[in-house]
Each structure stands twice: as structure tokens, then as C-alpha cells.
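Worksheet: one structure, shown below.
Naming follows writing order (A, B, C, D, E, F and G), and every chain is counted from residue 1.
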């Protein structure tokens, strides 16, 4: 998940979520960066509205919680 | 049939042609099967034959001739084994479909019909209690005679008790069959009943061929769930998983912020309401105790 | 409610929920302290498992939240 | 949660939820105050309508009470 | 939430969530780091089992769902 | 489940889920292929809408999450 | 997702989930293999207990499904 967090961090910081950005954030965290994973992440994010995806998350809790005993 | 097999030299030409016809069909089709058609009226059989035309060839012939035909096949041909399944009212089927598709096609021809005297119950036959459409009359006695407890309520005949009238595998008497018919109970399944099918070197029995589609759908759902869970756990970003991954990260972040708590604007309302809920929960514990709560909390 | 918050604060801080503690927390918040109420609250909380009550609150609140429009 | 309880205590007591207030309430409870957390709390609460935020909690708590044994 | 993302990034990468780590991750993302917030974050996480805190998501997050429009 | 995974792989790759495809995928994974099982699967899939079947998967996961300890 | 299914297939078949394995399974399915994606997948799965991961219910599943068009 560290790759996803790096992407979210960049997004929140108003920076472009590109390979260079993700790599440098991960490196700063002391992570040994896997170029292929960075590429895969950035490719998967193409065309994705991160803000919208985040907004949908809030609702996620409800069904699970409701089902709890 | 033994006699005929032993005196094959005296077989008339038309029989020889028919035997050759069977052997040719076995060789020219991907699969050959034996189908039990007991109880299927000839007219229904014609309809089924029409419906299957082009996909499955139904070939009605004498059992003796198919027996000879299978036994005439070379020793190493698996289809020889089909001779063992020739018994009763059967037809041969040939198809280029796979055995599973054949099984499904043939299963689709089955329907429920009323029992006749002498039929064997394919499963336990149970008559449910409840109202019937019969007006009071001799029917009450007739039902009683076959062991169905009947009476009259509100001017109608009612079945008083749920009763298993025949066990699976037992013979259905003529009288009971008549009563079941009048009660609209249809315990007999008729249709093309595949007994055995050979494809290449493999003999398939019905049990091998019945695939539970509901269970299969469940397995696909499960497999898809596995893939999804793996992506979530390992953080595998694909077009299909990136949004759920973002959502997972968002929820984890919020959860951490609320539970730690970390004072972030985005979750302050949750943190505050969590504190309030906790306070109210503790207040509930002391509710009713004299003076422990202020007026606002008592209300 | 201030009184209950004061009690919770002491509890979370790992301090005994007693009259002196509740009173001093309330005073620090500028609340005019009602001695009788402090006594009553402290007495009422004796035997109450605050941790459990709080934990249950989180569970119970969830379905309610889920049901909200 | 001590910091949050302190903030809500002040709010309920009609006092401003500022650094001085939160710190003094926490100190009165015997908590070793972390200045940074106090600052963060006060900053995060800026512009937040506390009354509205906790009103949602009351709603959530009601069924909880009903469900309690 | 950048600070929380940074903390989770470090945690998921198996790195300690300390001031130096959080600061350097934030800087790499181009965030102007607020020392006090970093300190507050690290202090808030002291003694917190992050794995557990994350897992509680459904319940704690539920009011958020209710609060959403 | 290998057979189902193989079928899903083909399906997701936009390839026909037929006997040849399933068999060759399984063989490539080093699985000893049972022809009858492959045939059964392919035949059974004629009446199954894979997209529909897997769409339900995500929903099925939710209650499981709630039930988790 | 075909890459993930290839990995799951290899795992179930008791084979190592490595680049060679994933590639050959994908090729058998007629997929034009993207080396970078294979590398990313294998890297992401390093150190992951697949058996455990697939059993874990992802709580994010519900909204994902709901969000699907």
C-alpha cells in the first residue's frame, strides 16, 4: 500500500502523481523503489478522478458496520 | 438376442445395413450415447427429435441390433462398453457436441407428469396438508383408502395431514396413482434420460455430467473475490483495483486519524462526535442515580 | 455534561476519577463546581466499567450512523 | 482522546477552546501536556461548528441507548 | 491528511513513524512541513497500535458516512 | 479453483473460454489437466454470465468484512 | 486482472509465482505479455502470504461494487 499512499500524498499536496514524484516520495521514506510498480500505479491512475474515489470511501463504512452484530 | 448374435450368418440384409449404420454413426460422431426414453409418449419423442435436430441425432432401433453393433467394434474401442447399458426402452444418440452439452440438452427435455399404476417412485412422494378443490363426496373415502387423511371443512375437501404416501423406489399402486393424479401431484419425470455416453476413450455416466451452475457461479465469485482481496492486501494497482485501493487507503487514514486521534480538519467532526457518543454512553451508565447528571443529560 | 467529560478526561489520563480530580478539572475549565453533583457522579461511576461503556458506544453508534440518510 | 474531552469540556462550559484553556484543563487532570498536540487540536477546530458536529452524535447515541440491555 | 498519509506510508513500508521520517516524506512530496504538526502527529501515534487502529475503520468511520451529504 | 482461475484469466484477457484455452493455460501453470473437468467447465459456462457472477463477488466480501473479528 | 489470475493459478498449482511462470501462463492464454506489469506484480507479491491475503475480506469491496457502472 505504500505506493498508493505516496500517490495520495502527492495528490493532496497538489502535485502531479507521476513516476518521478511517486519514486521520490518512496525514496524519502527509505523504500527501495520498484520502477515497474511505480509505472503500474501511475498507469492505473490515468483517467481516474482521485478526489471522487476518495469521496466514495466515506460510504464504505456503513454497510459493514450495519452488518455487525 | 443371444440367438441372433450366434446366428449372424442368417441375419437379413436390412438388419446388416442397420448394424453397419450404427457402427458408421459411432465412427462419424464425436460422441455416442444411450438414452432411456421410458414413459415418453411417441408423439413427445417426435417433438424432442425435431427440437434437437442438427445438434443431436436420435436413432431408434432394436436393442438387439445396437447390441450386435457395439460388440462388433474393435476391442480397443471404448464405445463397445455401451452395449452394457442397452436395456429397456432406449434410443441411440450421436452428436458432435461435448458430453456435457449433450447432457444439458437432454436434461432440458425432462418434465413432470402424473404417475401411472406400477410406476416406481423416483423420490419420496408426499401429499401436503391443506385445502383441495374437491366438493364433498366419495373422494374423501377414496383418499382415506390410499392412506391420505381427508375431511371436510367449509364445504370443501381438505387434506388433514401431510403424508408420505410412497417411499423412493417403491411401486405406486393404480389406486394411489389415480388419487395423486386427481390431486395434481406429478411425481414422474419423463424425458430423454442419458444413461451413458462415450467420447473417445472416456465413458461418462450421468453423475459425471451433472454440473451445478449455481455452485459454479459461486466459485467464479469466490475466485474474483480472491483476486480482489489479493490486490487489496498486496497493493496491486490495476485499472480494476485502483479506486478500491484509494478508498482503502482513505478509510485506513481516517480510521487511524480518528482512533489515534490525530487532529486533522477532515476528521474533526468524527472525532468530536466519537467523544460525545462516548460521553453519552458513560452518562447512560449513571443515569437514574440521584443528582449524578445535570438537567440537560437527564432529558 | 461537563462533569462526565471531566470524569472521562481523568479516566483516559489514567487518573483516579475522584471528587478532587473532577472538581479541579472543572475549575480549570472555568466551571462553577456543584459539590453535590461531583459526589453523586463519582459515586455513580463506582463500579462502572468506563472502558467497556466507551467501547460499546462505538459499536452501537455505527448502525445508527449507517441508517442515517 | 483526553485532548478532545478537554476541548469539549471547555465548549460545554461556554469557554473558548484555545491553547491556554485546553492546556490548563489537561494539566488539572494531571496530564503531561504536549504543546504540539494542543496547537494541532485548536488549529483543527478552527472554523468547525462543534455544536453541529456533536449533534450528529446525539442522534447516533439514541438507538444505542435503546439497544442497551 | 498529508501527515496521516505520510505516517501510513512509513508504517506500510515497515519504517518507524518518527519526526525525521514524516518530515522527509512530506518534503519529497513538495509539502511545506509544519514542525508542530509533525510533532503532534508523532505524539498522537505514540503507544498506538497502528494495525489495530486501521482495522477499527468501519466503526469509527461510520458517523462520517452519516454526515456525508 | 485452478480451472476457475484459468477461465477467469481467459475471460479477463478477452479470449474465448474454450477447451483449448483452458487446457493450455493450465498446462502452462504446470497443472495436470483433466480433460473431463475442462469440458464440464466450458459446457457449464455456456449458461453462466461470468461478468454477472463476479460482480457479486465484491458484495459478498462486504459481510465477510463485517464478520471479521 | 489477468495478471493477478495468472499469479493465483500458479499459487494454487503449487508453483512459484515468478516472472517466468506468470509470463508463460499469460502467453498460453494468448495474452501479449507486458514485461513491466509482470515485474510489478511479482514485486508486489514479494513477502505476501497469498493464502492469507485471499482469505482476508477487503472492506473497500462494497463501494467498489456500488461504484461500478
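General remarks:
We take it that contacts are C-beta pairs under 8 Å (C-beta built on N, C-alpha and C of every residue); 3 or more make two chains touch, one makes a residue touch a chain.
Small disclaimer: the values here were computed from a predicted structure and weren't measured.
Repeating the F-G interface with over half of its contact pairs identical by residue number, the matching pair from D-E, A-E or A-G is A-E.
Of all the chains, the one whose CA centre sits at the greatest distance from that of chain G is C. Remark: chain A and chain E have CA centroids separated by 14 Å (rounded to whole angstrom). Between the Cα centres of chain E and chain F there is a gap of 39 Å.
Distance from the chain C centre to the chain D centre is 12 Å, each centre being the mean of its Cα atoms.
A separation of 19 Å divides the Cα centre of chain A from that of chain G. In chain A, the residues that reach two or more other chains under the touch definition are 1-2, 5, 8, 37, 40, 56-66, 68.
Touching two or more other chains at once are residues 223, 225-229, 235-236, 238, 241, 243, 245, 247-249, 251-254, 261-264, 269, 273-275, 277-281, 284 of chain B. Contact residues on chain B toward chain C in their complex (touch as defined above): 274-275, 277-286, 289-294, 296-297.
The residues of chain E lying in touch with chain D in their complex are 36-37, 39-41, 43-44, 63, 66-67. Chain F makes touch with chain G in their complex at residues 1-2, 5-6, 8-10, 12-13, 15, 21, 24-31, 55, 57-59, 61-62, 64-65, 67-68.
On chain B, the positions that touch chain E within their shared complex are 235, 249, 251-264, 266-267, 269-270, 273-274, 277. Against chain D, in their complex, chain B makes its touches with residues 261-265, 268-269, 271-281, 284.
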